[in-house]
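We just call them A, B, C and D in the order they show up, numbering each chain from 1.
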Amino acid sequence: MTLAPAFTEDVSKLESDGFGTLSLTWWGVIGFMLIEATGFALLFGAYFFLMSHEQTWAPQPWHPPDLLAGTLFTIVILLSEIPNTLAKKAALRLDLKAERRLMAWVLGFGVVLLVIRGFEFNSLNIFWYDNAYGSVLWAILLMHTTHLATDFGDTLVLWLLIKTPHGEQKRRFVDADENALYWRFVWGSWLPCYLLIYWLPRLFQ
Amino acid sequence: MSSRFPNKLAAVALLALLCGCHRDQQQPRGQPLGETVPAAASPDTIFPGGATPAPLDPRAADYEHNAYAIAQGQQLFTWMNCVGCHAHGGGGMGPALMDGKWRYGGRIDQIASSIADGRPNGMPAWRGKLTNQQIWQLAAYVRSLSGQVRKDAVGARADTMSNTPPQTETIRKPVEPADSAQ
Amino acid sequence: MSSTKALRDGPKLTGPKLQSALDATWSRPRGLIGWLSSVDHKEIGARYIVTALIFLALAGAMALHMRLQLMFPGNRLMTPELYDTSFTMHGTTMMFLFAVPVMQGVQIYLTPLMVGTRNMAFPRLTAFSYFVYLSGGLFLWTCHFLGFGPDNGWFNYVPLSGPQYGIGKHSDVWAQTVSFTEVAALAVAVTLTTTVLKQRAPGMTLARMPLFAWATLVTSLMVIFSMPAVELDSILLLSDRLVGTQFFNPAEHGDPLLWQHMFWFFGHPEVYIIFLPATGFISEIVATFSRRSLFGYPIVVLALVSTGILAFGLWVHHMFATGLPRVGYSFYTAASIAVSIPTGLQIFCWIATIWQGRPRFEVPFLYIIAFFFTFVIGGLSGVIIAAVPLDLQLHDTYFIVAHLHYVLIGGSVFPLLGAITYWYPKLTGRMMSPVLGKISFWMIFLGFQLAFFPMHISGMLGMPRRVYTYPAGMGLELPNMLSTIGAFVVGMSVLLFVLNLIISFGGKEAGDNPWDASSLEWATSSPPPGYNFAHIPAVESRTPLWDNRDTLPVVYGLKAEERELLMTSLISAASETREPSAMPSIWPFVSAAALAVLFVCSVFSPWAVAFGVVPLAVALIAWFWPKKPEPSEEAAIA
Amino acid sequence: MSFSGFQTMLGADALESSNFLTLFAVFMAVCVVMYLLVIAALLIGMWRGRSSREQLTVESGRHHETEPAFRTALIGWTALILVGLTALTIASFFTDRSNASVAQNPGLTLKITANQWWWDVEYTSPDSSKMIRTANEIHLPVGVPVEATLQASDVIHSLWIPNLAGKQDLIPGRTTDIQLLPRKIGTYRGQCAEFCGIQHTHMALDVTVESKADFEKWVAAQQRVAFAPTTPLQLAGYRYVTTRECSACHNITGTPAGGTIGPDLTHFASRRSIGAGTLPMNTGNLYGWVADPQSQKPGNHMPTIGLEPADLHAVVAYLETLK
C-alpha cells in the first residue's frame, strides 16, 4: 500500500555539479583531510611524548639536520601555492586552457619538490633505527612524503584527464578545484613538520 | 576479469603464507631426552678443499629458520655473556660472527659443535652447562648474525641499545671457511 | 546540455512506467562481475551484516572452547599457546571484525532509506571498504589456521608484541588486520557523514532527523577522529618489528606506554562507536512500540553529542595501574564518572516515552527491555571501576570481563538483535517468527546473566584476566562452572536466532510498514527497489508516516535515465543541487585486492610497500577515470 | 571446595584493601539504589501502558504531546545523578588520600623485578651484607609500612596481592612503586595481572605476613650462606648442581653456582611453592619439576635437561638441604 505521492516541489531546474559545499566530493575531501590531520596530530603527539622523557631532547650524540634541503623545500612548496591558487580560480571560471597550463605548472613544482625531498632524507643525519628521535623524525618525513606523492599522482592523473575530451565537462573543474584545496592541505601540514624536524631540537641545545 | 593482477606478488604472498606454518613452531621440549650432539662432527672433519663435509644433521631443519629458536638463542647469547668476547657479533676477544668467515665451519651443526666442544684460543665448552637444545638455539641465532636466515624469521631489533643495523636489513654474507693457516 | 529532453520523474511520469525506467537505470549487471561491482548500499550493507555475523559465530565458538577450558581448575583441554591465541582471536574478531562492522553495515543499509535518498554519497568507496574489510577478516583467520595468528591479547601491548618478545609473525598479523579494518571503517565513516549531512530529504532539518541518523553522524565523526590513532599505532609497531625503528624500545629513548596511550585514545571511543548506534536502535524501537514520538528529542541528541566528545577524554582509565602521576588519575576518575550522565539522561527519555505511550511487547521491544536490565548493571559497574582505588583492585580481573560484556552485549548486541528483528521485514519482505523470537530472546537474556554475572564474583575472588587455568581452593570453581553453562546457553540461543533468520525467508508477508512505524524507510516497499524512492519524499515533522497517513509529500524532477540524487543544505535541508551518483564498477574490488596484496606482503618484506603501490595506483586511476566520452554529466570519483 | 580466601580482594588484611572494601560498599549502595530506581520506573511505565487511561499515542493523535510533569522529573533526575556521582567522586578522592598516606615513612624497602614468569625479590638495606635475595616469595612484618620499587626486565607485568593492596604494573624502562601496610598475620598469594606471555598464568608469589619476631628470624635465616651437604647423596647432588647446567642460570650463595638468570636458590627449600606458584613445595613435586619442568610449566625458560635417575636423586636430595 505504498502511499500516493503528493507533488510539492520541482527540482529539475536546480543546476548540477556545484562547486565547494555544493559538491559531494568536496565533503569527501574534507573528511579525508580530517582523518589525515588527526594522523599528523597524533604523530606530533608521539613526538612530544617521546620528547617529554628526555633530559636533553635530541638524545646525544646529536648531529643537527642540515637546514638547506628542508628550508628550500618549504620555500618552494609555499611558492607552489601561486600557480595552485591561479589554477583554482581558473577552475571556478571554467577556463579550460588556463587550467591545463596552470596545472602543468603545479606539476612542475611537484617534481622539483619530490627531488628536494629526496635530499632531505639524508640531510636528517640520523637513521631510523638509531633511536626513537631518529624513528619519529623519519616517520614524520615519510608520512608527509606519502601525502606529497599521492597528491602529485592525483594532480598528474587529473591533468591527463583534462587534456582529453572529458576536460570540457564541468565535473572536471569541480575536481580541479578540490584538488587545489587538497594541495593547500599538503603544504599546510608540512609547516609543523618542518618546525618539529629542523628547529625544535635546535631550541634545546 | 581483465586485471593486471601482479601474479608475482600473489605467488610470493601464497608461498610466504604456506612456508610460514612451521616457522613459528614452538618446541619447548626440544629433542627427546638423552640426545647428545653427534661426536662425528668434530673439527678435524673440516679440511680445506676436496673431501665433502659430513651430511647435515637432521635437526638442522628444526632450528635453522625457526623464529622461536632464534629468539631463544638471542636471549641465551645475552644471558651466557657471549657478548663479553664476541660483542654483538662484531667480535672482540672472540672472532666476529657477522662476517662470512668461519674458521670451524659455518653450518649450523658445525657451529653447534663449536659451542658444545669449545675451540682453542679461549672458546669454552658449553656441553654440560647448556642442554643440547639450548646449544642448537644459540647456533641458530649465531647463524642469523651473518644474515644466513630468512628475513621473516628474524626479529628486527632487540629491546637493548641499538648496536647493529636491524637484523632484517643485514645482507646475507657468503659462507666461506677461513684459511686455517691462522 | 538540454535538461528538457531528459526523461524526469514527476506528475507526467509516475507509477509503474517510472518504476520500470528507474529499475533499468539503478540495476547492476548480473553474474559474478556484477556482484563484485555492485554499488547499491543495500547490497553492501547486507554483505557487511552477514559477514560480521559469521565472524560473531567464529569468535563465539572460540569463547565456548575457552569456557570449556576454564570449567574446572587445572584443566588441560587447551595448551597455553592455543588458549592465548584463542582469547586474542576472540577479542580481536569481536571488536574489529564484528562489533564495528555490523553497526556500520546496518548504518550503510538504513541511512539512505531513513534520510530519504537513493544511495550513499560515495557508493564505490563503500563497495571498496567492504572488500577491504572482508580481506582483513580472511587474512586474520587464514594466518590463525596457518599457525601464526595473533596471541598477545586484542590490545597487543608492547614489548610483549615487540620485535624481541613477539616471536614470529603473530603480532604483525594483528597489526595488519587492524590496518585493514581501520581503512574500511574510516572510508565508511566519511561516506556516512556526507550522506547524513548533505543528502537528507528536503524539509528534514537537523531537528527532524531520525535519532538513528543522529547516532550515525556522531559515531562516524568519532570514527574519523579516533581510528587514525590505532592505525598509526599499528604502523609504528610494524615498522619497529620490520625495519627496526625504536618507538617502543625503552633502551633507545622509546617508551612502551606510547603504545598504550595511543591504543586507548582509540580504544575508549571505539567502545562508544559500538554503543551509540545501539542507542539509535533503541530510540527508534522505543518510539515505534510505544506508539509515540520520543520524549526529549533535543535531550537525546545533546546526550549523543556530549557522549561522543567526552569519550575522547577518558582513555587513561585503562592505565590506572601503570604508575602515572596520581593527580592526573583524579581527573580521569571524574571524567569517567561524568560520561555516565548523558547516558543516564537518554535512559530517562526512553523510559518517559514508554511511560507516556502504550508499549506493545513485540520481540524487538523485548530486547530493549533486556537492554535496560543488563546495560544499567554494566554502566553502574563502569562507574565503580572509574574510581582509582577500586580500579587498582578490579583492573585486569574477571570483574572487568563481566563489565565489558554487560556493556557490549547488554548495551549493543541486545539492541542489535532487536534491530535485526525490527528491520528484517524491510530487508527481506518477510516477518521473523515471533515464537522462535521469544524463545531465543529468553534464552539469551537468562543465559547471559548466568554466564556473566558470576564473573563479577570470580573477579573479586582473585581470578586475573587471560589465565588459561586457576588453582583449586580459591573458591573459583562454582562461578566458572556457572559461567561455562551460561555461555553454552547463550551459544544455543544465537544458533536459534540464526535459525530464525534463515527459516523466516519463507515467513509471513510483511508489506511496506508491518509495525506502523513513523520513519521514511517504511514509506517504500520491502525489500526496497534499487532506487529506494520513486520520488524523493519531503518531510515536515519528526514522524512523517504518522503525520501523512494517506498521501506522502514528495519532490520531483530527477532524471530517470541517469543515476541522480538530490543534495540539500546542511541545517535546513533545502534543495540545493542534483548530484549524479556513481555507476557500478569492478575497480573498487580490484583496488581492494591490490591493497590487500600490499598489506599482506608488507608483513613479510617492507619492499612490498614500494612495489605494491603500483598495482594499487593503476586500479585507483581506472576507478577514477570516467567512462562515457560524450559530454553528458558523468560521476567522477564518487 | 575449601575457600580460604588467600587471594581475594574481599579479605581486608591491609590498609589499602580495607579502604577498598569500604569504598566498594559505598559505591555499591549508591549504584543499587540507582538501579532499582531505573528498573522501577521502567516497570511502572510499562504497567501504565496496559491501563485503559488515554495515552499520548499516535492512535489518540497526541503522539507529539508530553505531560509537563516530565520536564520537572527530568530536572530532578539530572540533579539526582549529579549529586550521586559527585558524592562518589569525592569519596574516591578521600580514599586515594588515605591510601597515599602509607607512603610517608616506609619501615622496610624491597626491590621487586619481574621476569618472564617469576618474581626476583630483593630486601634492600644500606648495609649490603644485610641484603637478602629470594624469588617468588615475600615475608612482611605486620603493621610495618612497606615500600617496594618495581621494575621489569623484559615485558610489562603487574604485581597484584589482592588481600593487601591494588595492583601496580612493572614496566621495562620505568620504575614504579607500591606501598603495603599489612594488618593481619596470615599467608596470602599474589599473581601477575598483566598478560606477559605463555606462562602468565603461573607467575604467582607467596606472601607471608608474620609477627616482628618471626620476621626477624626469617631474615636471619635468609642472610645465612647455603648449608653444606652432609650425606654422600647430597654431596653428589652438590657436585652436579654447582658444576653442570643448574649453575649456568641459578645462584646458590656460598657455592660456585653463580648464575643470575634464574631464581636465587640459596634458601629454595624454605619456600612454599615451586616454579612461581606452579606447584606446592614437597618432595614429589620437586622430583617432577627437576625431571621435566616443561611439562609442569610448558614454554618457561627452564629447559628439560634429561637427568639420569642417579643424578636426579642426588640433585633433589641436595636441593632439599637448602632450607
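FYI, a residue touches a chain if its C-beta (ideal position, glycine included) is under 8 Å from a C-beta of that chain, and two chains touch if they have at least 3 such contacts.
Everything numeric here is computed off the predicted structure, so don't read it as measured data.
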item: Chains touching both chain A and chain C, listed by label; value: B
item: Centre-most chain [mean C-alpha coordinates]; value: C
item: Pair with more cross-chain C-beta pairs in contact, given B-C and B-D; value: B-C
item: Distance between the centres, which are taken as Cα means, of chain C and chain B, whole angstrom; value: 47
item: Whole-Å gap between the CA centroids of chain B and chain D; value: 39
item: Chain C and chain D: spacing of chain centres that average the CA atoms, whole Å; value: 37
item: Centre-to-centre distance between chain D and chain A (centres being mean Cα positions), rounded to whole Å; value: 51
item: Multi-chain contact residues (two or more partners), chain D; value: 154, 172, 198, 298-299
item: Where chain B touches two or more other chains at once, by residue number; value: 26, 156-157, 159, 162, 165-166, 169
item: Sequence positions of chain C contacting 2 or more other chains; value: 81, 159, 165, 240, 243-244, 246, 249-252, 254-255
item: Every chain pair meeting the contact rule; value: A-B, A-C, B-C, B-D, C-D
item: Touch list for chain A against partner chain C, complex; value: 1-18, 21-25, 27-28, 31-32, 34-36, 38-39, 42-43, 45-46, 49-50, 53-54, 59, 128-136, 138-139, 153, 157, 161, 165-166, 168-172, 174-175
item: Of all residues in chain D, those that touch chain C in their complex; value: 1-10, 16-17, 19-20, 23-24, 27-28, 31, 34-35, 38-39, 41-42, 44-46, 48-49, 55-59, 62-64, 66-67, 70, 73-74, 77-78, 81-82, 85, 88-89, 91-93, 95-96, 99-100, 116, 150, 154-156, 158, 160, 162, 165-169, 171-174, 176-177, 189, 191-201, 277, 298-299
item: Chain C residues touching chain D - in the complex, by the definition given at the top; value: 79-81, 84, 152-153, 157, 159-160, 165, 250-251, 254-257, 290-293, 295-296, 299, 321-323, 326, 329-330, 333-334, 337-338, 340-341, 344-345, 347-349, 351-352, 354-359, 369, 372-373, 376-377, 380-381, 383-384, 387-397, 460-462, 464-475, 477-478, 516, 518, 541-543, 546
item: Chain D partner contacts - residues on chain B that touch it in the complex; value: 26, 28-30, 33-35, 75, 79-80, 128-131, 133-134, 159
item: Chain B to chain A touching residues, read off their complex; value: 156-157, 162, 165-166, 169
